[in-house]
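Should a chain be cited, it is by its letter among A, B and C, assigned in written order, with residues numbered from 1 in that chain.
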Amino acid sequence: MPSVSKGAVPERKSKARAAQTRRGLLYALPDWAMIVLLFFVPIALLFIMACSRWSLMGGNRGLNFPDNFIAVFENKLFGQSILFTLEYTVIVTIFLLVLGLGLALIVQESSKWNNVLRTCFLLPSATGLASASLLFYALYSPQVGPVTKILSFFGLMDQGGSVLATGQSALWATIIVIVWRFSGYYMLLMMIGLQAIPGDLYEAARMDGAGTWRIFRSVTLPLMKPTIVMCLVYCVTGSILAFDQFFILTKGGPNNSTMTVVQLIYNFAFDSKKDLGMAAALSLLVLVALVIINAIQMRGMRDNTK
Amino acid sequence: MAFKNVARTLAGVAAVAMLIPLAACGGSGGTSQTADIPAKGTDDGTTITLWTRSPLERQAKNAVQAYNKSHKNQVKLEIIPNDDMEGKVGGASQTDSLPDILAGDVVRIPYWASEGIFADLTEQIDGLDNKGDLQQGHIDAGTVDGKKYTLPFITDVSVMVWNKNLYKEAGLDPEKGPSTVAEFVKQAKAVANLNKDGVAGSYLAGQSGGALVFDLFPSVWADGESVMNEDGTEATLDNTSMKAVLDGYKELADTANGLGAGSKEETGATWTAPFANGKIGVMPYPNTSCTALFEAEKDGGFEVGVTPIPGTKEGKTSTFLGGDAMGISKDSKHVAQAWNFLSWLMGEDAQKEVFADNGDTASNIATLKSAYDDADARVKTINSVIIDGNGQTPKAVKFNEAFNAAGSPWQLLIQNAVWGNGDSLKTDNQAVTDVLSQ
Amino acid sequence: MTTPLWKRIVARVLQSLLALAFISPLIWVIVCSFSPQPGSAQSSGWGVANYLTLFGYQEGLPVYLLNSVIVSAISVVLSVVVCTLAGYSFSRFDYPGRNLGFMVTLSILMVPYASLLIPLMVWYKNIGLNDTLLGVGLVITLFQLPMSTFIMRNAFDAIPKDMEEAAMVDGCNSFQALLKILVPVVKPSMVTVGLLAFLEAWNNFMIPLYLSSSGKSTLPLAMVNMRQQTMGVIDYGATEAGVVVLLIPCAILFLALQKYYVKGFMAGAVKG
């Protein structure tokens, strides 16, 4: 990088800095190469598509900004899918964070028994989202799965019905898949946070006569804040981008009631509209929204770690 | 600063990178040369690729096997899951990597053809000796502005099937299926009244627009009514026939065991399974799945009856001429060889070998009339609904979005009419029109 | 402090039930894949007919397995190498653009991959990567970068700087210091990164769906395809068998490497 040596800093220091820069960039080079080739280029292409009349079969037919964005805003599923995605995100986030922390508290101390428990909770995380969804698709099916039989035994649903039948129950059925698949993962993240809390803090609290709940509230929770915020960022981002599970379990149905935003992108591109331009426009909107949401959350994280 | 340099380099790379794909995408549209193809195509040992969707895998495999056995050219078949077909075709179209021959759901073909992904075959198709015998719906579907792009690949029609065992139990004549919509409802209710565990009168794929058009349109056509205007830009689903059919299903939905459990939310993935498992009295059914029923019957399964789908008045029937049509893609580099496959399959011999001898439905009327002498009487019934010419294939560029797509306005229309309060047909029909007329 | 015995027993029982809730779906699917079921190849008696269906599906199970193995190997090797180097760079070197690099890497998390796949298809055609297993492996690696680079950077951050400074004084260059001194220390995190990459590559189906043809599809894609094979009838038996086949290597690797996995996360997330 020739431009580096032009600085007004003393020669030796600048040389050392130049070496640092050169090495630093060299090690980051593979990372950058992948990002440029596989991330920046497609994103740039995405921008162009969002501003073009670009149908699935017909390809690029020239710029048409801002028609795609208007079409997205005018689509009646747009608002609906945002609301649904937010509802899903809130529920999943609450469940995963609470369960993650709860499980972590149960298995926190190292013992043979706890190791077994940990393994049980973590094992679902080893399955892929697609295979987990397929697995639950079979579990929920009225033909072969036990779920319908159990629920109808308790009189909670009709015989031969499916939990994926109504919007509400399909939402919860999907949430169960996600909670099953990801609880262990968040448990692990929480456990790590817990283990970073110095043991003598608990000791001191106990000496002061604090009960279990009191200790949890005034020692554990405040010190876990950075970990919780980090989990929050992952969980919110992941949930807003939810796709695989709905794609396999509900396809956005019944009657569009489980249509997430990403599912809608897919729907615009390949199903209802076959319009890559509209799909790209919606993708861009999602991208911008996520950047904003994450910026807010990250700020929260920074303030808390001070 | 170094960062600036990096950024500049990145910007440069990105700019160059963007230009390449744009240049590549500039000239899509029918580019294959079809002018100098011999009438029978060329058979010179070329490998031809063929895509079709998964529901018709068995028939497609039979066709490809028979061709490969008797020709130097070899067809390589690729089966694409039904739901991913459009995405896959669209992606391949973007990258100019479509297969030589592309077969697709006939209701999707008008859109594909209008987007220019097929090569123009007007001259070749018009040059076929037996063009008049071929299933016209599949040729019409791929006709845009007078140019013909497609021929029938696999024909799938809808027929009414009933479970004779359940009919006997319900005290119905097991040899007589419904001849009007009213009779259909009456017979379904009789089976429902058996109050048997898991058994229901009929079944409907409430979340599958594709299965719903396949099941319900024929009754409307049988009455001489239409579902859309000629151009496919306006829905006419609020006619009295459609209303009568929907009211019939609503009556069943309101009856205990009238419609099989899961009807309302059936997405089409398992819509033929309840009948195949012997749990349903009577329902419209795809003929491509009938073969499996007949085989199960031979192995000791329940007895199946088949009759054409009736309208509201006795004596008139119709069917949905569905299945896959095929054309040669714009990206094919072996047009003459691909045409060899197409023209071969249109011939009576091939139709007999590939379809008739396997108990499937041919797309050539001459074959339908001649090659099924030893066949099951019910297979002849199925063939008759094609031969009689009452069947139709709906054609609209926006058909998929209006009818087939998940959550389409047509699907919502059915949900409201059958499981809702049933009084929003007019506004729901307008919602379908809104999509069709875009 | 001693908890009364009955309390401990109640706790144990509750904990066991909870653990059972987590693993019962896995047990169920394994049992069902061998059990008799109407509408599948294994319609009466117990046996492996569902697995045989899987074996003979289209190109055959071995082809899909091999494809999956290749894609997984590419993703694992690339993820470990790229993320270790990038983590080293972002943790140990102070240079302009460092934070930018890290933030950009993290920002990959925010892009729904469904929306990147179409531009990628077009782009791959231009660089000759369309319908290649390498192309699929590269995209999977791309989506591993944010989390894994994060883990690796934090793993390096957790090592005191004097360790490799001592080595440098002894005449090692930065690369030798990395290989000889640091890699042994961050190994658990590297195993985690590799394991995460494997789990993703082994299980992902959307990326191969758009980037590869049927001869190049990976196992999960073949599975999802097979689920909707015959009109109207889902072969649940074969689906269950497929889930088991997908599950087993993941579960084995996971159980074998669990210690590393937890440790790697620890090193990675302490400073979260």
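FYI, contacts are C-beta pairs under 8 Å (C-beta built on N, C-alpha and C of every residue); 3 or more make two chains touch, one makes a residue touch a chain.
A quick note: this is a predicted structure, and the numbers were derived from the prediction, not measured.
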B-C compared against A-B, more contacting pairs: A-B
Relative to chain A, chain with the most remote C-alpha centre: B
Length of the line joining the C-alpha centres of chain A and chain C, rounded to whole Å: 16
Computed distance of Cα centres, chain C from chain B, in Å: 39
Rounded Å distance between chain A and chain B, as computed from the means of their C-alpha atoms: 38
Of all residues in chain B, the ones touching two or more other chains: 1-2, 6, 17, 21, 25, 83-84, 87, 94, 270, 273
Residues within chain C bordering two or more other chains: 39, 95-97, 118-119, 122-123, 224, 234
Set of chain A residues in contact with two or more other chains: 21, 25, 32, 37, 41, 45, 141, 143, 269, 276
Residues on chain C engaged by chain A in the complex (per definition of touch): 12, 15, 18-20, 22-23, 25-26, 28-29, 32, 37, 39, 81-83, 85-86, 88-90, 92-98, 101, 104-105, 107-112, 114-116, 118-120, 122-123, 127, 138-139, 141-142, 145, 149, 174, 199-200, 202-206, 220, 223-224, 227, 234, 236, 239-240, 242-243, 246-247, 250-251, 253-255, 258, 261-262, 265-266, 269-270, 272
Contact footprint of chain B on chain A as seen in their complex: 1, 3-4, 21, 25, 32, 36-37, 40-41, 44-45, 48, 55-60, 77, 141-143, 158-162, 164-166, 251-256, 259, 267, 269-274, 276
Chain B partner contacts - residues on chain C that touch it in the complex: 38-39, 58, 95-97, 100, 118-119, 121-126, 130-131, 209-210, 213-214, 224-225, 228-234
Interface residues, chain A side, partner chain C - complex: 17, 20-21, 23-32, 34-35, 37-39, 41-43, 45-46, 49, 103, 106, 113, 116-117, 119-131, 134-139, 141, 143-144, 146, 180, 183-184, 188-189, 191-193, 195-196, 226-227, 230, 237, 241, 243-244, 247-248, 262, 265-266, 269, 276, 279-280, 282-283, 286-287, 290-291, 294
Residue ranges of chain B in contact with chain A within the complex: 1-2, 4-6, 10, 13-14, 17-18, 21-22, 25-26, 28-29, 83-84, 86-87, 89-90, 93-94, 111-112, 115-117, 197-198, 206-207, 260-262, 264-265, 267, 270, 273, 400-401, 405-408, 411-412, 415
